[in-house]
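Read through the structures below before going on.
What follows is subunit A paired twice: with subunit B in the first complex and subunit C in the second.
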Partner chain A sequence: MAERMGFPTSIERVERLTPTLRRFVLRAQKQALPPVSPGSYATLEFGDGEKVYKNAYSIVMRSEDGLELTVIVRLAPQSRGGSRFLHEKGQPGLPVWIGSVANLFPIVKTARRHLLLSAGIGITPFLSYLKKMRSIGADYTLHHFCRPEERSAFDALLSEQDQTRVFVHTGLPSEVGLADWLRDESIATHVYFCGPEGFMKWVEETTHKLGFAPGKVHSEHFFVPEGGRPFEVILARSGRRVSVKADETLLEALELADVDAPCMCRGGACGACEVTVLGGQPDHRDHVLTEAERASGNIILTCVSRAKTDTLTLDL
Partner chain B sequence: MSGQTQIRDSYRPPFRVDNSEETILRFPFPFPEDNYMYSMNIEPHVKGGPVEAMSHTFDVDEHYIGECAEKARILAEDPKRCMVLPHMRDAEWDFLELGMDSLSSDYPEHFTLKKEGNDWSWENHLLNISQSFVFGDAATLPLAPFEYMARQMQGDFTLHDQRENDLWMDGGMVTSQADWSLKFDMGMSFRQWHAPVPKASEMGIFDRGLRFLLMLQYGRPVRRLNWTMTINPRLDTSPENYMIWGEDRASVTAENVAEKVHLRVELQTLYRLPRSNAVLFAIRCYLMPIKDIMTVPKWRKRLHRVLRDLDPALASYKGLDLFRPTVVEFLRPYDDGAPLSSGIQSV
Partner chain C sequence: MGTSELPYRPLTFDTDGRRHLFVRENGMLAFPEGVRPAVFEVWTIEHSSLVKVEPDTGDVQMRSTADLLERLVHRLAREKVGLRLYAAGRPDFLAKVAKVADEAGLCSGEIMLGEPVGPERRVFCVHCDTLHDGVSGDTLMCQGCGTKLSVRNHYSRALGAYMGGGEPAVVIAAMEAVAHG
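Entry: the complex of A and B
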């Protein structure tokens, strides 16, 4: 097994932003944390001895000295336990291991103008964008959508931003006129969006309908792997069998069984955990594989996808 | 690295580049097997490896001062060997930080870095450079940060922006290249700059390579070896100067082959840069004449077999056609055909 990569931290401060949103400031225990590019996420590992959770969160801020890292965690209703654990037991002093840090949603540095669209917790990657864009004098606008009862929380979160470029809405995108604003954007504008699936689908369809070139439309699906029907995997190289329970992911089951399986984002977005399927039918839940790859049925992303059949045979 | 305090090497006529026994044995010989074909030969760039050249983040050897002087001469003649597009500003600082951090921790006897917040001071004892500056403030350095640092490191460096699921060559300093040009490749995507390479595309190597590199993570650099052959110890075999070095290829004879023909190996390392999310591609070039390779029995036998059986399309692409038969003929008597251990280590 390779040396364990990452950084030990512990929770320094917790702030309750809304009943479902909490801000956690993590403090480095040993060396300073490396600089991060806007849009990066960190995989956090934490737990209570009974269970170890590994969840990826957008990095909202890294302090100048590299000693503190801020994330915002939403209590996910379909949580398999990670966000619930942080909301209930994430108190100052709790050790949190920062595993991989990577960026699947970077700012396009060559863009003339940036239009940022977010809903709910989808604001988190843009909090790091805004700081950078302001410091380099970029042309940008943010429209954020939230429920009326959350408005004051997001207003507060954005209070230090340039108020001529940042707008919070409590109406639906279709009601406040977002389609018209998108239509009025110039051909050089890049659109970035992040939020719940319904919002993502609306922006995807609307930008497509309005003729935005695919290369100018960027999104990050924040994705909590959901459970499902239990199944069994057969590891072809050793012949071992590993059971995947209803509330754990295939990747987690492999890790518990000490199988050295590849992974990075743990959210179906990067593709690093791809494994060859030798038998059985995958239930694809990622955002990476092409339609042709899905149809072929011979690869699976273990971090989010499951099985339609009772067993899957993997080339591991 | 052996002590060296003055310019000793000459990479132009009259050529003079001498390799000590230590330098020969630490050479990254590129052939782990008796046959060569393109492959995804990428492995983690962890310190240590089959040869000493892989034991540091950036390898510094006895030719450091000579190579830095040659680089400075090439840049003086052709300043556009170093170009960086404006959106790569953060990547420039990332590069400078990686270079200074790793050189000062890998070679504390040659390089010293002190940091107090953003007030940094850098000392390069080999080149007699001493510089205090504010990290992040380009006005406090005599050159742009990328150029400042790349001039103090052996090898070539390119900076790649990641966007639209591709890597774009948006900056670099290229002075020791095997017949490619930064001026030509600037702004190109991964597939565009690889377009001249035969066979590899149909083998799917570029698709897999790009997919892999798009997921490259900070703190987990990777490396691979690439190779070609160069006549005379010329670092700069650029298309811009083809009229100077091109004719060398027709000068190889049975008498001068061991002196003139060099195995040119690139130890290529790739790093994710943290602030910019850019990818740094470092290409460290090693030139080893046949006469020095001859001193290692395993390497001379393997080089004979690889060159003898090389795919003709690859031989042409690498520019070996005019002298490959002469080299093979020269090496043939020194290969007894005995089986060799796999891997690139010298025994």
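Entry: the complex of A and C
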């Protein structure tokens, strides 16, 4: 049998930051973990005998010896159970498999100035950005938005940072004047943003309205795939039928049925899991396909998208 | 065929821009296509030392290319987000404007280069770093080191010039034969 891709680790330390945020330090059991860059994420696999969860999380830090990776996990109320499992059962010693490490949200090396905008758990990729930017003397500013009750936790998380460049707000971006600050940015500024969907939409629309060129605007949707209506998948090549339950993703159902389906980010951001649709209507939930591709209805990203019809026929 | 030429395109106003600046090498070059935006400035090189810059006008005459480029550097250093820069002229001029824009931190959606007027290119000697303006043929004698240069399709955005290398014609012919089967 082929050796399984990835790296075995186990939870070394757990720290409760807020009632909904926990920091996990994972320690490699064998060799050093792969190198990372600011913005990298890791796909983690964990669980108990009953269910295996596979979720992608931004890497906050990799230790110098490469043996430890730090991630912060938010308890997602609408999640399919992965974050709840880590919050409830993620104790030191729990085995966690690191399936893959990649970076879809790197720092733009040619940028003259970096404006980082985050909300809630969207801070995680920027924790590694801040370290790098400070060390190379880059011109940057971070505006972080959070709920009033979470303020002290984020203040603590950012306490080591350059306080002239890092700001925490408890008001909405539209209330504190973010649009005016954006309008006043130099033409050399690149904007990076990460946070919940409402925040992402506001920043997308505002930067577009102010004339930021698409090449200057970079985002990462930390999208937690949600469940939905159950449906059935017909695999055209074998004729097999696979049921997708309400609380699992299409990709998870395929994996459970031992179907060799492609995937990478597991969050609708990279496009690696694209599969051809031969019948049925997809319910697109990704951030990769163009409007034209969505309308055509003949491709689907299995990691987040579902079906509007009772069955979906895939070229698998 | 893969080349690394500058991305030339017929100029059209980008409606996503908030302010628009058009720089042109002479007054005969047409404005970008489309509805003229409310905030629009034109800088035109008059090639005359008699020109005086009128402040606070959207239609500015410049004495020379050097004059325009120098002002552009200052302007872009102070410019806020939302500007779209359009340039029209010969390849030499477009290369220089693109270089100033790149150095100021503009990206591909913010700088638009029109179809170049004429074949003249700027050529960089890879042996001695001498820059040659207005090269219209495919070969030239380097003014720095005297090497006979052949102009390659390799454009360097950082240098704002095409690469000129001194491979003898026979070597180039052999390389091209290998590359193109």
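Odds and ends about this structure:
In this section, the second predicted complex is superposed on the first by the 313 of 316 C-alpha atoms of A that agree within 3 Å, B and C clash if a C-alpha of one lies under 4 Å from a C-alpha of the other, contacts with A are read in each partner's own complex, and residues count from 1 in each chain.
Everything below uses one rule, namely that a contact is a pair of C-beta atoms (placed from the backbone, for glycine too) under 8 Å apart; a residue touches a chain by one contact, two chains touch by 3 or more.
Predicted model only: the values in this text are computed from it and were never measured.
Taken together through their common subunit A, the two structures put subunit B and subunit C in a clash. Of the two partner chains placed by the overlay, subunit B and subunit C both lie in contact with A:G215.
Of the two partner chains, subunit C is the only one that A:S186 touches; subunit B does not reach it.
Contact with subunit B, but none with subunit C, is seen for A:C270 once the two complexes are overlaid on the shared chain. Look at A:V101: by the touch rule set out above, it reaches subunit B but stays clear of subunit C. In the superposed pair of complexes, A:L256 makes contact with neither subunit B nor subunit C. After superposition on chain A, the subunit C segment that clashes with subunit B is 163-171; the remaining candidates among 19-27, 73-81, 91-99 or 163-171 show no clashing C-alpha atoms.
Residue overlap on subunit A between its contacts with subunit B in one complex and with subunit C in the other: 110, 215. Put simply, subunit A touches subunit C in their complex at residues 110-113, 182-189, 208, 210-216. Within the complex, the subunit B residues that touch subunit A are 44, 87-88, 90, 94, 117, 161-164, 211, 215, 217-220, 272, 274-277. On subunit C, the positions that touch subunit A within their shared complex are 16-19, 76, 79-84, 104-110.
Residues of subunit A touching subunit B in their complex: 2, 5, 34-37, 39-40, 65, 100-103, 106, 108-110, 215, 264, 270-272.
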